[in-house]
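Multiple structures are listed underneath, in structure tokens.
After this come two complexes, each holding subunit A, first together with subunit B and then together with subunit C.
Coming up: the complex of A and B.
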């Protein structure tokens, strides 16, 4: 137990690797013991995992079904459409990023939301077909394609809905306020699986018989209803973080309530809760795996059908590891994008 | 000045916060071109009073008329009045997510429906007037308190208001920054702007005020020219207040 005297250590000294080890991992006898114990456990786990991964594991199940994981039973002759969709998405993501970083001409900036709407319609047309393209039924939209599709639409719809609910909860109109509170508290008190079940089974019963929602659409409806309630609470946190003085200053300049909301309150409120909102989007992305319980063959669903192939029976570890990796890559990218976004929007807020 | 009608006419204004009687019958007339300084201990209702002029606070009894329009519950009226009444706050209240230039041009563009180019031209002139032209592209968080308050003044002026309200504009500033803000206000007063200033800056009041008022417990207890107010105060309350701040 000979700890170095603090006085003797010049500030900002750079320890050698050996010195660092001694200072941080072996400074007392019990720390040394803990260090050795932990390293031993790590080593065992890593060794066993690697030896399994390189000798026992049969990765053929992933290789043989790679296409199934990504797009499922989407017709091979039509896969070029998916490639175009991903190309468009990549370009749009780039454009949006440039817009946020203020690197676009302001004209383009203003049109970007509308471009997104148009692009979205084009994408739906490309995937689903019709009017000139071979129609592809939603039964055949499988795998990662379906996971991403449901996630993007659910995010796109639950975001504005959540904002409206958050504003409704703060409204001075009692009817609006009570409806928002009722909705938020009911939905937050129910498990997602129950809401998805109701969306699948009960939505067709309560909607007029002329409206027949596709199974994918019903699933999205369930996800949106669920996610919007949580989004509303996140946004409400942001709304409360905007100081009263901001609204007073805007009022004193003659802005009406709508303009104050659009230009002053929402930009600041949403910025304050970016981490929470992105966290929720990540959760939503992973929650789509529950759709596999309702015969929707998204990423998790397709894994289950791949595991039912006679030649790959029992290859759980390989399949779920691979699927887990895909989920992780997407979630981590969202997390990185969120951090980038925070940094980009933080310009000048010292 | 085509009409000589007073710009602010307040008659017997009462306001309650719950049971607390903040304003207990305040009457005041502000003529065009006048610079009015309101002093008073904290809690005397002076800020609340000027905040009723642009309906940031409601009043329950009495009558306030701004530029010939009576302040009531009609929202359209209120927004029309707010356009003509500029306000500068103790805490600046600049919009932190917008640049200095955007802070100043947002209201002229969206409320006054000016073109962007015209609004920016005016904004740059105003920034030059308050002496911070070179900060136009920065964000409020990057400026000092004094600079922020000068931007706030420019933001209010960009709406070309008929009257400017200042709610303790120098109270949140470090001492060495008070001067630069007062200088801008001084210049504004000399140019003939109608101003109502809640402040304890005695030098400012002496130099430019046409009238100084003391409020206490929701009432006006003294009103007079700076000379009368500081040299020959009528009420005992004023003498006591002056002995504390001078």
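Coming up: the complex of A and C.
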């Protein structure tokens, strides 16, 4: 009775597994009922799924077409180029991570963005060929390769475009401001599928017949235009979160507008909206599956082609589960990376 | 801020004007597409890419199917190389634009030949490669044998397609009341039929056959003989280029004529010394039929050697050895009661 309550706390924390079950899942009769009911449903679903996956499902469709899923019709003799590209990407990702964690010499740190630009050009050359390498036309870039390629380029282009639009929306020049607002609001009011349709079907009709834009290029243009509008709104949220005093302080120190923007406003603004931006990148990655409706043979597109193979007719469940797993792996690693980035940059602690 | 604004002011409008400006596509090509294809060194062929039996990507990464082999035949005639083709997947909406703008040389994407497509869409249809038609599939044990047996029954179909419209037209004409059950998605349509919530399901005959193989017990389902609509599937090229159109047309007739003469990819060597004037003309030993087309005189030999004749192609993708096992029916030669007929090669 007289004992202080504090003494009870540790014993409550260190519950035995059985005690934990009792406290959390079976503490009242209706909770027990709910628990049992949920477990039963869960068990049934899992059992049926597993019995399907191990007995009914014919995974041969995935096995036989594994290469198609990954790189599609990319020539077998040239696959080594893809491997090199993945190697380079892995190294660059590692370098960038080290740079963010401030573990790189500052000289290298400063050059990193330019290294990325150069590496990107090399990657395009490795995949596409030309000047020494066998050229591989874009209609052979299929499967996961095309999905990742379109995503990376779309992210790389829509990010700066989005920042420019966000700055434009806050500009004091009316022409720039109204243009940015008009652009953002029009694009945000249109469904992505509509924009892609315009890019794929309408664009060739209005362009003069001498200009033939590549299909992949047209798709990327659609994705970039769409994603930039959303990016702009995300960045604007960050810009508004930067206190006015920061700008005024910088100005009183004699910074000019560009320097204030580059060193004071943008770093704080972008840091504040990392979760929103990464969320958008994940969305963009998944949105590339819409390109399959325009007969671009990315991951979803190649799945539809594979499903038309006479020996694998009707294997929808297996193929779509496998493709879904690939999408999930990439999206989840992106969100893991973003969580790590937030931790490294101490987002939310300022 | 001002510098940034300047950059913005200059770049964005330039980007947009790039997208927005430009005149109408030029309609009259100065040179024939045949010359364009020859100088390019390969044919660009628009296909569906996801249609069982007609066009798909096989496990080794190669396009295959009935629609695909049309393009391989034309490439054989021009380059003596069936692989000198670049395939473009096209969806149902963009297929016509792709032909009009010249993005593809030929559209071989199970497209029904209709008057409006021939005229207002601006296409020129080559000979029919596959005579399809809308049909109805029912369960064998349901006792349904004809359209009249479907009185008051539920029929599954896909919304927004000509299938839905044709079904309505035909049943109204015959005065048979029925319950249409429509779905947006083709997969749901057939799944609902498989569950037994519809007594019948309607779609194109070729589609029904390929779908039947995916049902749990394919042998328990029957496709009624009644044809609800005509769907002649033919390759198409752009209007106003008769030289190119001739090449496409006669490449397809070559496939049909070869079957009629009994020449296929395996026995073609035996015909090399044939005395039959019809055969020697056809294979380019005599006369100069190829010249008129802008092709070498042995173009038929090239096609047959590389791709085979019509019967071989049909059997390869739709015949008894495939899961579809689709009887030739209207797609048989005219001499065997079908509709496939080639004008004479002379």
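For the reader, a short list of remarks on this structure follows.
Simple rule for what comes next: the second predicted complex is superposed on the first by the 326 of 350 C-alpha atoms of A that agree within 3 Å, B and C clash if a C-alpha of one lies under 4 Å from a C-alpha of the other, contacts with A are read in each partner's own complex, and residues count from 1 in each chain.
The definition used in the following text is that a residue touches a chain if its C-beta (ideal position, glycine included) is under 8 Å from a C-beta of that chain, and two chains touch if they have at least 3 such contacts.
Quick caveat, the model's predicted, so the values are computed rather than measured.
Residue contacts after overlaying the shared chain place A:255 against subunit B, while subunit C stays out of touching range. In the superposed pair of complexes, A:200 makes contact with subunit C only, with no contact to subunit B. Comparing subunit B with subunit C, more residues of subunit A are touched by C. When both complexes are overlaid on chain A, the residue A:264 reaches subunit B alone and has no touch with subunit C.
Legend: residue contacts after superposition of the two complexes on their common chain; A:20 is shown touching neither subunit B nor subunit C.
Contacts of A:43 after superposition: neither subunit B nor subunit C is touched.
Of the two partner chains, neither subunit B nor subunit C is touched by A:328.
By the touch criterion stated above, A:164 is placed in contact with subunit C alone, subunit B being left untouched.
By the touch criterion defined above, A:80 lies against neither subunit B nor subunit C after alignment on the C-alpha atoms of chain A. Note: no residue of subunit A belongs to the subunit B contact set and to the subunit C contact set alike, using the contact criterion stated above.
Remark: subunit A residues 64-65, 67-68, 72-73, 76, 137, 139, 164, 167-168, 171-173, 175-176, 179-180, 183, 197, 200-201, 203-209, 211-212, 215, 221, 257-258, 261, 293-297, 301-302, 304-311, 313-314, 316 touch subunit C in the complex.
Subunit B meets subunit A in the complex at residues 54, 56, 79-80, 82-83, 85-87, 89, 91, 93-97, 99, 106-107, 110-111, 138-139, 141-142, 152, 155-156, 159. Residues 1-5, 7-9, 11-13, 19-20, 22-23, 25-26, 48-53, 55-59, 61-62, 65, 86-91, 93-94, 97-98, 100-103, 187, 210, 213-214, 317, 322-324 of subunit C are the ones touching subunit A in the complex. Contact residues of subunit A toward subunit B in the complex are 243, 245-246, 248-256, 259, 263-264, 267-268, 271, 345, 347-350.
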